[in-house]
């Protein structure tokens, strides 16, 4: 559970006036939108891939228990461990227990939205572990002590000068004293600093874009290769992922991989796609009955010579199994590509921090109320024009506007809608159901309004309509209503 | 642990079944989904497409007539980077005549390694990508730790689509290795001001030596 | 064909000339146009605010009022989208009303796409001098498939030069109650839209939905910009010279000489 301490309105006001943020959002989203569009144009099978992806996900959701059990059996067969966390607190405890049993000191992390959802880093740090994010964007915001502002490019709101300052402050104790100006220098320095951490990490935690039931594999995609260094060099590899990420076969995951990079970053594929199955193999000729505990420094002729000795998958539920049975089941198809954010005019106007939690944009506006409680996030489903662009680009065809409207319906039913809005709506609806009364009122009201606004053609202020008239004029009505004029011309006709 | 308290596993599965409004279903009972996903169609030679895609993704490709040319090609490439003469080479890459100017080490990669040379299991033409399977002779650290990763690809190893790759793996009858890596270029990031930089964490350079069959 | 005109509350109250233009176009295309008096609003404000109870009741009124017409046509992708796509789902548990809602849905059309796709109408005889650009309203575009049809009709307007702006499909920030609940965001979105209009060099912007047009015109007027804003139907019906939305001046004549009688060209 997470309740923000600031209001949505306050966060929006800050974001709208932040020129640097606005420029960064324009650049990032504009780039992703254009690149994605070009790739979609170049791939005639794109629509068929979306439909197949939707079908596979729905099939998995209807058989989620069976697929998770199959996945678990395969992981165990290959020498890995599967842990089931019903809540975020249980997930944190499982991971703390694994780190403790491993005698860990340093934990490196590849990008995992789920780990942020469960508040993992704070828990690890509170327990005394050194935690290092290795995805460059996540590393930057970790240094800045900020939440991500985009699920794919979490530091999109940072300028290079801001990054240079962060690096200077935090890398100085490690012996890096230059103040950098070029992006290439900063990436280079981060590379060196993070290598230091990779090689001394005891535990490496990554997310899992997909889980493959056929083989018991977790799949990550990165451009940087940080996820691979994180999981390969540490003694213990922990995968944190949502229960909804399982897909049936390697061929099925291929469908999703074809959609993911195109939708997320406007690339055909990301640089590295990695399928991880179990810990380093010991005496690989035998079946995976042994865990990594018996491996020696050199290994036998058939043992792996690198890779983690332990492989753990933490399956996080945190409300997903409950969503499965209700009106929001379709949200579980989400593959966290970020296309909806990039195409959302509200997200590109306010950025990720305004959403108050780890998931921004349309998908965040659905997930945050569902995971954190509808009463904790009144504004998110409402700060949307229902323009529908998100739905047209979602690779798994989630009906996001419909889900947002359903959240609004639940807010209304549970009395969360502010009373002035409720009252105004119900007054309008009451009159609208009584055409004779409606027309009578409008016959008086409309000519009045048009009289007031006739000279200038607009009304500059209107009681109760400050939200409009603070920044806009209201075009004046044309004199009378259409129905009035029509009736005058044609006589009453029903 | 209290044996009477349901485990996290029990509770998650119970809630799933409650949501789906049915009784338990073990993993054998799932009827597989019919059909297959569409494959991006393309025309032309798969090897040519593979080469084009790798170059598009900032890998470099050199075509060689035979395996006998690999040693000299590696020496030339390494000198041009420029990088030192020490190589970390996969034990599975056999039959190479290494020039005496180069030193060849085996085993897992260490932090100081500048250059690695590996074979691959397959290469995919659809969107580019070389595929490696980890193992005793093919440690995956060779793919990620050094600054430069050189891959020897035989033209006969190039397949059209990812489904062909999976079919090929299944045909080997081997269990899944610890990792399958699909690598389509050098490491990159755009996390600072959306400016693309190569060599974020993984290798700065990916060089393909494509040996004709 | 006997067509029931869905006026839309915004046209009825704020800009009757849009409804008169719709009538004229439909009549020119050979339809008999009837305007059921028992209509007020499609119920979208209630629907989008989660008030499904009130929405259902309004929908029932609309369904009743428009029974029996071969086609129900309105000058708004957003209102007609609500009627066509959202009404049936309101009656999930009521098979009788659901069937009636689905029947209305099948007969419901947005005006411009109805003229082109159903009536194959192309006899536009209007004139409008100058450079205009087009705003693709979200609901019309994504719910009702309105994209090429207005452009096809506008191609028949003599003197007009239609230039496409950047971001024609980007939301203008109206979004119904969104624009008054989240004015900061809405104003930024409409300013972005206006920037695109200005960059296109057009002297006027046209669109198919009054919500969008009132929003864009309202901001243009407040900023004192010399850009005219008109509904596509008005231009097609030869009313392009009248005061545009937000401009001061005489309201277009709504008396004899308009709907129901032949227009001198």
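Letters A, B and C name the chains as they come in the text, with residue numbers starting at 1 for each one.
The rule we apply is simple: contacts are C-beta pairs under 8 Å (C-beta built on N, C-alpha and C of every residue); 3 or more make two chains touch, one makes a residue touch a chain.
Because the structure is predicted, anything quoted here is derived from the model rather than measured.
K.L.:
What chain lies closest to the overall centre, CA atoms only?
P.N.:
Centroid comparison flags A as closest.
K.L.:
Quick check for the class: compute each chain's Cα centroid; which one is farthest from the centroid of chain C?
P.N.:
The most remote chain is B.
K.L.:
How many Å are there between the centre of chain B and the centre of chain C, using C-alpha atoms for each centre?
P.N.:
Chain B and chain C have C-alpha centres separated by 54 Å.
K.L.:
How many angstrom lie between the CA centroids of chain A and chain C, rounded to a whole number?
P.N.:
35
K.L.:
Centroid of chain A to centroid of chain B, CA atoms only: how many Å?
P.N.:
27
K.L.:
Touching residues of chain A toward chain B in the complex: what are they?
P.N.:
Per the stated touch rule, the residues are 24, 27-28, 31, 43-45, 48-49, 52-53, 55-56, 59, 62-70, 73, 78, 83-86, 90, 94, 134-137, 140, 153-156, 158-160, 163, 183-184, 186-188, 190-191, 194-195, 199, 213, 215-217, 223-226, 228-229, 232-233, 243, 248, 250-252, 254-255, 257-258, 265, 268-281, 284, 287-288, 299, 301-307, 315, 317, 321-326.
K.L.:
Which bits of chain A are touching chain C when the two form their complex?
P.N.:
So the residues of chain A touching chain C come out as 9, 12-13, 16, 345-346, 349-350, 382-389, 391-392, 405, 407-413, 417, 421-422, 425-426, 428-433, 435, 438-439, 442, 446, 450, 454-458, 460, 465-468, 470-483, 485-490, 492-494.
K.L.:
What residues on chain C touch chain A, complex-wise?
P.N.:
Per the stated touch rule, the residues are 7, 9, 11-17, 19-20, 34-41, 43, 45-52, 54-55, 57-58, 61, 138-139, 142-143, 169-171, 173-185, 187-190, 192, 214-215, 217-219, 221-222, 243, 245-249, 251-252, 254-256, 258-260.
K.L.:
List the residues on chain B that touch chain A in their complex, please.
P.N.:
7-9, 11-13, 15-21, 24-27, 29-30, 32-33, 35-41, 53, 57, 107-109, 111, 127-129, 134-136, 139-141, 143-145, 161-163, 166, 169, 175-195, 197, 199-203
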